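Lettered A, B, C and D in written order, each chain numbered from 1.
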Amino acid sequence: MVKTFEIEDFGIKIGRLPKGNLNKISDVEGVKVGHSTIDTEENKTGVTILLTQGKNPFKNKVTAASHVINGFGKSTGLVQLNELGTIETPIALTNTLNIGLVHDAVVDYMIDECEKDNIELKSVNPIICECNDSGLNNIRKRVVKKENVFEAIKNANKNFQEGDIGGGKGMTCHDLKGGIGSSSRILKIGKDEYTLGTLVQANHGLIDDLTVNGKNIGKEIGEKIKKTKEKDEGSIITIIASDIPLSSRQLKRICKRAVVGLSRLGSYIGHGSGEVVIAFTTSNIVIESEKQDFVEMKILNEEKIDIVFRAVAETVEESVLKALLNANKLEGYKGNIKESLRSFL
Amino acid sequence: MVKTFEIEDFGIKIGRLPKGNLNKISDVEGVKVGHSTIDTEENKTGVTILLTQGKNPFKNKVTAASHVINGFGKSTGLVQLNELGTIETPIALTNTLNIGLVHDAVVDYMIDECEKDNIELKSVNPIICECNDSGLNNIRKRVVKKENVFEAIKNANKNFQEGDIGGGKGMTCHDLKGGIGSSSRILKIGKDEYTLGTLVQANHGLIDDLTVNGKNIGKEIGEKIKKTKEKDEGSIITIIASDIPLSSRQLKRICKRAVVGLSRLGSYIGHGSGEVVIAFTTSNIVIESEKQDFVEMKILNEEKIDIVFRAVAETVEESVLKALLNANKLEGYKGNIKESLRSFL
Amino acid sequence: MVKTFEIEDFGIKIGRLPKGNLNKISDVEGVKVGHSTIDTEENKTGVTILLTQGKNPFKNKVTAASHVINGFGKSTGLVQLNELGTIETPIALTNTLNIGLVHDAVVDYMIDECEKDNIELKSVNPIICECNDSGLNNIRKRVVKKENVFEAIKNANKNFQEGDIGGGKGMTCHDLKGGIGSSSRILKIGKDEYTLGTLVQANHGLIDDLTVNGKNIGKEIGEKIKKTKEKDEGSIITIIASDIPLSSRQLKRICKRAVVGLSRLGSYIGHGSGEVVIAFTTSNIVIESEKQDFVEMKILNEEKIDIVFRAVAETVEESVLKALLNANKLEGYKGNIKESLRSFL
Amino acid sequence: MVKTFEIEDFGIKIGRLPKGNLNKISDVEGVKVGHSTIDTEENKTGVTILLTQGKNPFKNKVTAASHVINGFGKSTGLVQLNELGTIETPIALTNTLNIGLVHDAVVDYMIDECEKDNIELKSVNPIICECNDSGLNNIRKRVVKKENVFEAIKNANKNFQEGDIGGGKGMTCHDLKGGIGSSSRILKIGKDEYTLGTLVQANHGLIDDLTVNGKNIGKEIGEKIKKTKEKDEGSIITIIASDIPLSSRQLKRICKRAVVGLSRLGSYIGHGSGEVVIAFTTSNIVIESEKQDFVEMKILNEEKIDIVFRAVAETVEESVLKALLNANKLEGYKGNIKESLRSFL
């Protein structure tokens, strides 16, 4: 088991809500994450998979929503996600030029899984998100294969690794080594406790803007590293999971709070950055074979939603920081080097 | 009681679903409509009010959504309606230059009603819609007064009049006399019957495009009347009510089918026409004083929603026709005359 | 050269605007369409490609917009298209389960084309649209290959075939044989003439609702055929091209008028139908290598836009009819047969 | 002339771009702001007016866009603003329950102004925004009158006052005295200099979250004041003006960066806060009487837009701070007291 660095290890504190057991999105019951990493001299890339609820998400669709902060990105599946308010596949994170292939692999996987469940799948809406890792990865070689998708699915587990791994292998964030980060919070609503967790693929931001614990440390770090980014391009994907009973309208509102966490770290949402947020709840599952005319839902009293917004702001900020803190220094394509934030703290 | 002309009186048939008892939006239990009309030589205008559920909609907010087909219009309240998915005031229909005043009057009304219910109202989101009646009404004189709003509310009842009345007094539709129209359908879902009703304030369209029963009769009529419209401007407001348990996401989808009915009558959604659709369900009431952390909702199985879409298409088309059929020939401001469609059938 | 059936051959007339030379989307200068068709006993499917302006759309991006009428569909690329208002790849139409692979092939193609133009492509946003042809095609076999994409691109020309060909091979429309259809209009704006053309991949609608020339002929036809569709599912993709100088905001408005044409043919926009509209203008090209700080644009005076809306309504209605009229009777997967509309006129 | 406190007076620095001459939105040529304040024991409220370009904005409409961060607000006019991409009236800021009346007054004003310009105004789209000042103002008394609107328009000038004045009189921000704030930046694009300015009506946020210069100073201040806000409700309106040539699509993107500034001050965009952003450019004026078929526009090369996004983030953060720093301690309705942030720095 690889150690996960926590922000407290570096004296950083974000927010006021208590954290989940693992401080990962998988603290939400049923959520699992797996990676498949490609690590050669020329290629630093991979696939990260998030399973929302079990092996066949088509059978049990989670209620969901998405929000595009900045649409310079190629994510697939958002049109149907927004129309129907559900997710029916694993969520895959990969690089920009491989999303077609990963899409194709997810269709393969879904056909197979549905067959096992006696569903003859004729239509499915894969959610594939991407960031551009061409700074460290020879992206035009397009080395991701379908096997990487299947492997990442097979690897999915609760205690997954963060940092420069899977779809995060080639990421650059605030001109440092970026990658996959995750965080969670426990929310008390009435007498009961609920969990909200976030996972990011962080590949955005400029070093000069990096702000940690409210202090702009980026400018100083920027003088010590070889900067390669003049523009905020590269994207950040944010996935938010919770077990709180919510409607897709409420989940859409929740998505819109992710930008708060990004802003506090110094990003101003650059033109070239594809910033997509997806949120889902494991409550209010929509069953594929539903035969009833009407279904019962339980949803949060809107007047109580503020604590959920706060949890989003906190976990997104912390997830990006954990992506930075857990990513190791890496020398990639054409000898490009990205340092780990850890070296500067 | 004034007679309402039905399309069957003129040999017209629209759709295949059975109609409600009154064939009006008020076939949805609890929905009432009232008018206040101003009818002088110079001014032909007024206010139409729709009560969603009782006298104080702030206490019991209906679940709702809206959709803008074409946004050349000034309707108020849609921002909050879309965010929270609820309506908390009567819906008012009036002319373009009086929506500020009508808004102000609805605030007056809501403060008073809330006081009776021991609610100290500090914030409220009036839904005020408008069409431009300047063809028949000296709109710049702005003769609508707060009293017209209060009177329309007081007049609200199930068996309301259609045609050139209330907010429909000065309307022009396909260059004929337009106004208020309404229609309803009974939908069988499982073993139970539900109602969906539509109300329009119809002020859009060109005569040459008018198509009834699939036949373009407008061109021929156009040769017999004094045309005053060269452009499709003027707007159409569509309100859809139902007692089917639905979510606001589903209601948004429902709103999007209104355009089908308009298109079939020959409209191509002109640049100058403000086309706004609002839909609500009297199921899933959101209680102002809700104290529970979570609320139960019942919503339609998405796979069964097609019949609702069909009912929207049918009732919108029929409502516009009923607005035309129930409107009487009218001589308005500056001697402008709009004929009744009835004279040509 | 295969004959294209025109609606006038069957005594049908739609609208009032004059048609372009070919009455196809390719009447817009520079627009070309190519097909690659798979036609075996088990598989009826393929790819249709639309080239917006030359072989490398990345170098010269057309100004564009999109609109989702109903989002039960999987089209890729709309997020970035809406953010930046440009299209930078060929537009591909195929079946639902092959969009990942077609996406992957378009990336291949774009890398190659850009290499020829000395652009090292690291990010590209393929526009891939789909309809579900599982009624006539063994869709789960996923027989479309990259070669089909390349072939369709190579085949692209002005005088392309309509009907059951390319991505339209396995389409079913109003329970008859559907496919690819196209139509165009000449618009006089001031002293100059402009062209607007539409192309559809038509796979939507129920037979009972089919309305031609304002007459519901579908019910009668429905009694003569073997119906396989109880629900309006399957989708319709609409591409609109023009050489009129327009902004992306105006193109978005233009997209919203496509639904008018669909409605007039009897569709009520079913729940299961993915209805996506994309519009672009060959004026206002955004150059990839633009170095200037500011660029000049010419856009239509908004007050003159009505004729464009009318052209959209007319061409969409006619394009769907042409898809139906040019499609031949076809026996597909599991012996399913779809008749040609021609047999009933 | 009243002194305006600048953030530097308190040792605060935000961002890196140089400021405009006045450090106000009116640094954008032609933009003026005026106030009318109501200040009695019971009522603390008023109207603030922003003139975009001269006395009659209907004649010369600025190109514009809007974005709703959180829609718990009642702003009017956004539907048409988004459809047509223009603003044709002064922008008014007032309290929640008076927007109908202010709307009505702006219609009065516009009819009069148009009459002077020989335009017979029959339709106009007032942009009225609001925040809820019921914490310090007896809002239910609705003391704003039409005269306040006319007075604010008459008072409009470049060197306007900030803080607890006009529509900002009764505002509460982070549980301190809020109000009107403004800031500007000079942007060098190519060889030329442009200006971007922001104005806020700040009435949002909790004291415990207040973060200045990256330091959470709110918790400490919170222990010294009488808190009255447990929830983040009350709203913030943001107006962004620039003379950079931009399209409405670009202005929409610009609006979306306002949230960055709010987040950095500690807000997480509360449920009860109506957060609306409007942006316009004084380039690309749309002339009411435009007779040409096509109009020329100049727009920013999209690749150069990052500096504009950065300017938005900086000016929004600074404007909110200036609203706080320029607001004086105030005792309002029912003896409620809000302290000035100045007392704690």
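Basically, a contact is a pair of C-beta atoms (placed from the backbone, for glycine too) under 8 Å apart; a residue touches a chain by one contact, two chains touch by 3 or more.
Note that the coordinates shown come from a computational prediction; the quantities given were computed from them, not determined experimentally.
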| item | value |
| --- | --- |
| Minimum number of chain-to-chain touching steps separating subunit A from subunit C | 1 |
| Most widely separated chain from subunit D, with each centre as the mean of CA atoms | C |
| Between subunit D and subunit B, distance of the C-alpha-averaged centres to the nearest whole Å | 34 |
| Inter-chain centre distance, subunit C versus subunit D - centres from mean C-alpha coordinates, in Å | 44 |
| Distance between the centres, which are taken as Cα means, of subunit D and subunit A, whole angstrom | 34 |
| In subunit A, residues with contacts to at least two other chains | 70, 83-84, 253, 302-303 |
| Residue ranges of subunit B in contact with subunit A within the complex | 83-85, 189-190, 192, 245, 247-249, 253, 286, 290, 292-304 |
| Complex interface listing, subunit B residues touching subunit D | 68, 70-80, 82-84, 96-107, 111, 120-126, 128, 132, 134, 139-140, 142, 274, 276 |
| Complex interface listing, subunit A residues touching subunit D | 69-70, 211, 213-216, 231-232, 253, 256-257, 259-261, 263-264, 267-272, 302-303, 305-306, 309-310, 312-313 |
